[in-house]
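Below, each structure is written out as structure tokens.
In the two assemblies presented below, subunit A is common to both, partnered first by subunit B and then by subunit C.
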Partner chain A sequence: MTVSSITLLWIILVLLTLLLLFSVYLTVLRLLEKRKLANEKNYIDRTKHIWMNYLFYGGDWDEQLIPDGPHETNATEKLLINFLNSVYVEGTRQKIYLFANTYLEGYYRKMLRSPEWSHRMNGLYRTIDFQLVALAESHLKRWESKKVATVEEDYYLSLLKIMTCKTTALHIIKDDEHQFSEHQNRALLLKLENSQLQDLVQNYSFLSRPAKLSLIDVIGEKNYVEYQEFLMSQLQLEEESEIRIRILKAIEMIGFYKDYSSILPFLESDYWEERMLAARLIGTFPLHESKGYLLPLLEDSSWWVRSTAARSVAKQKNGTELLLAYKDSTQDRFAIEIIEEQLMRGVFA
Partner chain B sequence: MVGRKLYWVDEAESIFSLIQGALERSKAPIAVVFIKPLTEEAKVENEEVLKFIRNSDLVFHDPEKEGWWAVLPNSGKKEVKAFLKRLKSHFSLEDVHAYKVLYTEVRDSKMSLMEVVKIMKSSNFDEALVNYIEGPWTITEKRTIKVSLIVNDKIVQEVLHRSISTMDFKNFLVDVHLFEDGLEFESSEWYTSANHHLVVLDDVLPKKNGIEVVHFLRNQASHQKFHIFMLTDRVSEENLINAYQMGIDEVIHKPFNLRLFEALFRRTIERLWFE
Partner chain C sequence: MAIWEAILVFFGRFLIFYMIGVIIIYTLMLLLSLLKLRKEYQLDKEELDDDFLSSYYSKPVSILVPAFNEEKGVVDSVRSLLSLRYPQFEVIVINDGSTDLTKETMISYFAMEKLNKVVRKQLENEEIVAIYQSTIHPNLLLVDKLNGGKADALNAGINVSRFPYICSIDGDSILEDRSLLRIMKPIVASNGKVIAAGGNVRIANGLYVEHGAISSPALPNNLLVVMQAVEYLRAFLMGRIALSRYNLVLIISGAFSVFSKSWVIKAGGYAKNTIGEDMELVVRLHRVLAESKEKKRIEFVPDPVCWTEVPSKLSVLRKQRRRWHQGLTESLWRHKRMTFNPKYGAVGMVSMPYFWLIEFLGPIIEIGGYIYLIFALFAGDVYIEIAILLALLLILYGSVFSMGSVLMEAWSVNRYPRIRDIYRLLIMALTEIFWYRPLTLLWRLEGLIRIIFRKREWGKMERTGFQKKEMTSWIDLS
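Our next item is the complex of A and B:
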């Protein structure tokens, strides 16, 4: 044999050994995973009826519920989060919080102390889910002087501060230091009372863009009719199309507006979304008032606008007849097409 | 139109059995009422009775010629009371002792009319002017209501199953089946049969989601028998509107109060009994 053949054989041998070691490693991991799942399943099968009795049917506390080891703790966590998110009776949440404070706090304390960001985040989620106030306070104390790694961690630390009454959602939204996303701002805004929203509305121009968008969405979602004038006035002032679109959506969600004159200019907007939303809003007024604005939109360049206009006309009394008459009088093939589409939709409704 | 002639009891028997055919599907019993005039003023001509009666009601002579009988479909005690009030008003009867009335609710689809008439007239009733007569036709076997739980989470499914299984209903038996997903439910054929059927399902399910199952059920023949509860964590009004437009009867937002669910469930079932 030549020297190069021996080398080749050695290389193959080493690779095979590595492959074997890797296979053993994967097998061991898989076995450990299976054992973990089996332990979790065992705990759940053993205790789920006891949990149900205890949480929903006035059953007595049973020490079998106390988890033994990390696998059972995981299983308990899954079970309790499930209950918190799905179903409860009076007293369920308090029992879960009490249990977590007594038997799970140590587990989450370790997670919050982990140098791994993902472990700390999981710890934060559960601290909030289970309302572990004492743990939250001690964690906040530890993190007072530390630098927060990510916006998400900053957000959850803010939630901890709200939970321990160190601050309020209102204060956090107004604070420029936090760069929360729209979704995070929205979650904070949903915690506010109407009177607190008033404060934000008055200071609207000082809010960050995500906070503005969230505020508009929340006003619409909660049907705060009293902010309609604010929305209408902002509609005229806003320079950014996305914000104007959100305002139009919020006005639609509130569902009540006295007159549409401020919305009319948006029927000729350069943005199809604005034209579409304006058509939808004007479509809620009686046909004898709105047809003059809606019918020309049947010839709009955007399918969405044409479709919205057709639908708004069709759903009103005599709307179908009006569409048929328009179809006979127009030369625009897109208008004819959209009217036919709308009429078919009506047949199969 | 049934109410255009005063029949004899044997003629009325065949019409009565046709009306009884609908008992299986409808929730409502058939009221059989005997009107026995006690004063001269209360004795009215057949034509007058026919003018008073509704088109859907059946009237026939008493075999012993003591008065006349009315068969009121889809009617129970409350409807009979309203009927008697109308009778008094129609014939302008001031005297409270104008009629002796016997009435009953027939819930048995196989009972003969002649048998009902015979038993009612021979039963012991008191001096009261209006008597409700009970007989073997007023009580039926408990009706079976089907319940399907198509809930993704096994634990929540068990909680609901347990709650429903422990409920007791006076007039119904509840038969609960559990399904893992929409596809399993549709393949099972459990949804066929004429029984009323309550379906509790998640909006998000593996293989076939809740919305698809709703579409499927609402496209079935006799889809009115399905009463659909949807569990969801999407709370927007838009989603609510869409859900109701699609044919869902109750939207239940998660997390939900189990006691509230039980009360809603019980109320839904109790409404199926006509009283």
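Our next item is the complex of A and C:
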């Protein structure tokens, strides 16, 4: 055998040995995991009823509930998270927070100090779930001078700051330095009260793009009628189509508006999405007012706009007759086709 | 004679260098995958899902299930889809002219009624005969159409769909309840920068399915299926995770993937005249993105698990592998201009050459290696030295990497919780290069030959359907 073959053979043998050792390690890990699961199950079976009695039925505190060792602590965590997510009884949360602060803090402190990102993240989730304020404060202190490596961790550290009243969600959203994504901004916005949104609306022009988009979406989703005027005025000012589309959507979701004159220019927008949403909004007004705007859209270059216009007309009183009359009067092949489609849909719907 | 000897020695050395090159590439990919898996090791992902659940409201999904003669598996598959945890979605089963009772099974099981829906034809497809809607689950539709193949069925589903994202899954696949949430996460988190995501596919043969959900993941007894389980793990650890990191993914499994509908339409939908429609679509998306100078991404998501049936007979597996290689070759050849073309960025400069050199040429060169080994046994002399080196490289390349993948999976993702399953996978991985690898190489080569002679075939797997909980359990017996 040549030198290279012998070297390769050695490499393979070393790798195989390493794999063998790793498989032994995994086997031990699995056995420990099995024991851990059995211990957890044992704790849950033993204490489930005592927990429910204590938390929901005003039962007395029982020393048996104090977890002994990491397996039982893990089981307690599972039980309490389940209770927090699925049951709401007055005072329950406070009892859970008090318990976690007394008996679980050390466990999560260890997790938060871990060099592993995933362990720290799990620790952060639980610190927030169980409102471990003192732990949050000490963790934030430790991280004051450290560089946060990921946006996810930065986001949860921001949640800790909110929890410990070091800042507000409002301040974080206004503050551009975090560069949170749209969905992170949205999650933060959902934590705000309506009154806090007011401040953001007033400072709208200073917000980052993702924050603007999230704010518009949340206003629409929560049906905040009081911001309709703000949306209408912003619609005229915004230069970016994506933002205007979101505003039109939000206006539609709120579903209550008195005047459509500011929407009319969007019927002639270069973007079909804007024309479609404008058609949908105008379609909610009585036909004698809206038909003059909707019927020309039956000849629009986009199928979506034509279809929306046809549907908006058809759903109103005498709408079908109006569509039939338009079909007879127009030469536009697309308009005729969309009216036929709509009438078919109307017959079978 | 001396010239022949020189040629053979040169060929042997070429094989060695090629394999060393491939081993280095695979090692790098494995390391990159490990870094990613290590980062998320033991991370509580459910907490993350719940925190951002509200964001998913803005991204409703139409799930498309093309079904051709799937009467055995379709009900379980649809039930698993209906129990998905996702705020807003619809399930569209497309019956592609089945000759069995797929349509009747669906109609009777889900109490479906005919719906007269106007369909906007954004992509070409064979005639739609009727559309049905479930009276129990209003978000479940059945599209009954004339046979036109899987790609045609998916295009019909896109035409019927209402939502901006489409998720294609095979008619016999089972998803876990959080799979859709997880696969949509990169799309939601990237604010639309990610336009497609592929999920991790695992083997479902012999699993218990109860009310559309997997009750206990375990390995079946069939050795061929166990071998494929090893193969899937290796593909996932030594390919897709690493390629995805640099936006180089060219294949995301048709068994479970999500796409932005508007981009699929821009790319012309699923190609009907190709065998590997999944790869073809991804390559075309990359092409459209590069040509329109859009900085969008296509990602592979390691954790969303989709369980799917794989062939349990050699004859079916042979056809499948033949088709896969034909599909790969067709797509590479059709888009050959992208190779080494800087206009297509990293996909043109790295991904396409990688697929040409390793995935396409691999089988030919590896078979060359096996033939060389046999030849060297008879010829002896100088060839033996090369053959020993070659054999060792094949062991490293085939078995050692596969074993490593099995252990990495057991450590990180841990979808097979029983210790004995892990050891079965390890033992099978060790035997891979002696029987399974040469077989699959031959089948892939066969696919290549068929494409040269322009022979085509449409794959259809024989399904056995999932086991039900009430049946006698082989798991309990084993």
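In this text, the second predicted complex is superposed on the first by the 254 of 349 C-alpha atoms of A that agree within 3 Å, B and C clash if a C-alpha of one lies under 4 Å from a C-alpha of the other, contacts with A are read in each partner's own complex, and residues count from 1 in each chain.
In this text, contacts are C-beta pairs under 8 Å (C-beta built on N, C-alpha and C of every residue); 3 or more make two chains touch, one makes a residue touch a chain.
Since the structure is predicted, the reported quantities are computational estimates derived from the model, not experimental observations.
Student: Counting only touches as set out at the top, which of subunit B and subunit C does A:275 meet: first, second, both, neither?
Tutor: neither
Student: Subunit A residues in contact: does subunit B have more, or subunit C?
Tutor: C
Student: Go through the superposed model and pick first if A:221 touches only subunit B, second if only subunit C, both, or neither.
Tutor: Both partners, subunit B and subunit C.
Student: Could you look at A:87 and tell me whether it touches subunit B, subunit C, both or neither (first, second, both, neither)?
Tutor: It touches subunit B, and subunit C stays clear.
Student: Would you sort A:71 into first (subunit B), second (subunit C), both or neither based on which partner it touches?
Tutor: neither
Student: Once the structures are superposed on A, label A:139 by its partner contacts, choosing first (subunit B), second (subunit C), both or neither.
Tutor: Touch status of A:139: no partner.
Student: Should A:79 be classified as contacting the first partner (subunit B), the second (subunit C), both, or neither?
Tutor: first
Student: For A:116 in the superposed arrangement: first (subunit B), second (subunit C), both or neither?
Tutor: second
Student: Across the two complexes, what residues of subunit A are contacted by subunit B and by subunit C?
Tutor: In subunit A, residues 85, 221 are touched by subunit B and also by subunit C.
Student: Could you please specify the touching residues of subunit A with respect to subunit B in the complex?
Tutor: My answer: residues 44, 48, 52, 56, 79, 82-90, 221, 223, 253.
Student: In their complex, what parts of subunit B are in touch with subunit A?
Tutor: It is residues 153, 155-156, 158-160, 162-163, 231, 233, 236-238, 254-259, 261 of subunit B that touch subunit A.
Student: Would you tell me which residues of subunit A are touching subunit C in their complex?
Tutor: Listed in rising order, the residues are 1-2, 4-5, 8-9, 11-12, 15-16, 19, 22-23, 26-27, 29-31, 85, 116-119, 121-122, 125, 129, 152, 181-184, 186-187, 190, 210, 217, 221, 303, 307, 341-342, 344-345, 347-349.
Student: State the interface residues of subunit C toward subunit A in the complex, per the touch definition above.
Tutor: It is residues 39-44, 47-48, 50-52, 54-55, 57-58, 115-118, 120, 188-191, 385, 388-389, 392-393, 395-396, 400, 403-404, 407, 410-411, 417, 419, 422-423, 426 of subunit C that touch subunit A.
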